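Just below sit the structures, each encoded as structure tokens.
Look at the two complexes coming up: chain A is in both, with chain B in one and chain C in the other.
Presenting the complex of A and B:
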């Protein structure tokens, strides 16, 4: 365990080097949040609610979504692909550590970095500078747990793409395809309520919604209550366990085809 | 000095080699092309979903937005296909490999950008053309030869706007250690170019018209075709905006190139 925490600390420190980048990311987020404000204001016009959501609820959902989006990008797929091409993977494989956990803890360092340097400042600005009123409900208390589960899920997808890179060597195409599928189907850009009903029903059965829709709903509609949120958390947990197990199984297959040149 | 013909011939030779090298990762190439096609259509999916709940967005119908989006996809493709190497400039500048571009008797911007030719951008271009044709059929737009010429001219200018904004952001690499966030921001803002500018309030609309002229990537020029009777005089400037902005970008690039001192390694 100690060695994994060292990995986490290491990647956190690497992240600290790019302080200029954080300022820019926060600035970028603020611009993005302002633009989405205008966009959704003109979508709502004078309507009280759309699809059962008030403007305030939708806006919290979308704005928080943009802050969380940066956080949930693990870049594990890009990193793995880089390591495969440069032959670095070999040096990880000979170490007495689990490869999946190695990747997870390295990326967790960056997660904590962007959480403290980008997401939390953005949320604070959202509340204090933009004066957005976030409803106080039980969902807010559950949000941190949901966010961690969402991160683990996002990690599983990125790790899976990274493993596919053992076959294709370059993951550019797979990564953007994965990204677009997750972004659209998870409700990262627009609450699931806005989708046509038949599509909504299908999406709720897929793992993607557990990445964005679940945590964002816990803040945007935080007063919905235990009976709504607990099953949502349960579904998230189910997908985390299932996808962790599946990617572990897949690793045993993928490692057989891995060819490393150089390093 | 080389003539334009020499440059075209050179470009062709360089790209043939580049494409051969890319084909090393054949599976990834095929998946990239398909992925690019669908990811460029994703925003249309979002429009479609939003229009399930509302009849119009700030006075614009769904099909009009589809037209603007098709225009946008075509306008951003030259950036994607021909200038994609701008994304790597920070590595070259940081690691000192940028020096090699000084040693050829070629235009440096040409030489630098020629090192990449993004083939998958062609699928985005194809998707854009299909979307534009589909929308103009649905909207029953009246195409004469003159209007098609105008369309090509405005598309050319709009693509220069997109190229300029991105290359300018990339040029930050000459002055700051990590230009990635600057480029990332320019890239993120680009997503808002296909939205009607009249959803924005004064300050933002001013910014997107005069400071970071995103409005000229798609919204303003496509008004020439969607509502030719009621366009503001601003719209007629759109061909000039692209050329003026590109001249500025080239000037900044030259400044950056001249001030770069290498890394000593």
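Presenting the complex of A and C:
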């Protein structure tokens, strides 16, 4: 375990080297938060609730959603594809470490970096600049756990696309497709309540909603109570275990086609 | 028992035959027109603990492929391969603990971080205890002056410094065997010499087995007792370096650029050299690149200075270079039966 923590520490330090990139993200995020604020204000103009959600709940969901979106981007797919193409994978495979965990822990440094540089400032901005009241319920306490599970899920998808790099050499198109599918189907842009009922039912059976809808709901509607949140966490945990196991199995297949340039 | 045991090892790759042009690229998307390339075609050898073995051959001979199989990255297509009694590919994580690897063209250090951080990370990855770590870091400092580089970002190191760091890093966890894949590639003479002496010291310290692939015959001469020459996936020679030394040690190539050089001039040159030094002169002449003529001289039979003096006084020489014999020439000589 200590070796993986060393990887995490290293990748966090790399994150610090690129801290200016994060500063720009904060600026961009601030603009996005302002636009969505006025957009949803006008949508809610003469209404108290929309599909059972108040303006406050929707805005928390959407604004926090944009911060969480940056947070859950692992870039593992891009990094792996690059490493495979350049033959850098060889330098990881000669180390006495698990490949999947190597990728996970080296991505966590950036996760911590964006958590401290983007997510937490966004929440502070929301409360103090936009004067949004975050309801103080049990969901708020469960949010960190849910967020970690969501990150692991997001990692699994990116890792899966990254592994496809062993087959295709370039994962650009696959990566974009994955991004679009997850963004739309996970409720990253709007709460699932805004989808047609039939589609909502389907989406709840898919793993994507566990990435964004679950953690965001825990903050936006934090007073819903244990009986709502515990099953949601359970579903998240189920998908994490399932997708971790599946990508591990897939790794064993993908590594077989490994061919490193040069000979 | 030998540390590395290889018997009849093969590896072939399937490579897509890419067609020409844009339309070809589109057609490649749908049809798989593969050909099989035999990178390693049945090799066998054993390596004992503590040996430094030079594993050499021209480009594309199958050197790196063999290394990648021994390190457990690539799976052999056939044959037996054991390192320390285990199959590397099936026990990758376990085997990695007893191996160190340097790929000359890639670094295993963290590109964006100061040098010392990479060593700290490797310490945890290989579970090196503090005492061993301190001892090794002191040793590296003595050998390559590592301490002065501690706080430098890896990306700002010169190629030579980076290579010295990479080599040190591969010895950090006291491995039983270290693979050095082209450790001197792209370095100038003085840095090469430094790297060779460092490798020698590290080998002596813990009697570490070292397998060295290189293009540079100087590396092999300076470091190895045993040499394995491979070409087109097959072993051409495996044995004492002293016999091979005769092949390249005494040979020098005189590269000449002669004014108004024609086929006729070449014949005159050949004729005059034979006339002057006799039939057994051990000189071969070939035009390798435009304007340059290579005169390869076996110094055991004809002194280089004699040939040089003779050529200078008989031909209008514009430019001149003296080089050690190339890997390709050694391989050609082995094919011609020089070691038979």
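Everything below uses one rule, namely that the second predicted complex is superposed on the first by the 261 of 263 C-alpha atoms of A that agree within 3 Å, B and C clash if a C-alpha of one lies under 4 Å from a C-alpha of the other, contacts with A are read in each partner's own complex, and residues count from 1 in each chain.
Quick note on the criterion: contacts are C-beta pairs under 8 Å (C-beta built on N, C-alpha and C of every residue); 3 or more make two chains touch, one makes a residue touch a chain.
From a predicted model like this one, the values you see are computed outputs, not experimental measurements.
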item	value
Clash or fit (per the criteria above) of chain B with chain C on chain A	fit
Touching partner for A:14 - first (chain B), second (chain C), both, neither	second
Contacts of A:39 with chain B and chain C, given as first, second, both or neither	first
First (chain B), second (chain C), both or neither touched by A:6	second
Which partner reaches more residues of chain A (counting touched residues only), chain B or chain C	B
First (chain B), second (chain C), both or neither touched by A:93	second
Computed vertex angle (chain A) for partners chain B and chain C, CA, steps of 10°	80
Touched partner set for A:238, first chain B, second chain C, both or neither	neither
Superposition-derived minimum Cα distance between chain C and chain B (Å)	5
Set intersection of chain A contacts, chain C complex versus chain B complex	18
Contact footprint of chain B on chain A as seen in their complex	18, 20-21, 24-25, 27-28, 31-32, 34-35, 38-39, 41-43, 45, 50-51, 167-174, 176-177, 179-180, 183-184, 189-190, 194-196
Interfacial residue positions of chain A with respect to chain C in the complex	2-3, 5-7, 9-10, 13-14, 17-18, 86-88, 90-91, 93-98, 256, 258-260, 262-263
List of chain C residues in touch with chain A within their complex	13, 39, 60, 62-65, 68, 71-75, 92-94, 96-97, 99, 101, 103, 105-108, 110, 112-113, 117-118, 120-121, 123-127
Residue ranges of chain B touching chain A (in the complex, touch as defined)	24-25, 27-36, 38-39, 42, 45-46, 49-50, 52-54, 57-58, 120, 176-178, 180-182, 184-185, 188-189, 192, 195-196, 199-201, 204
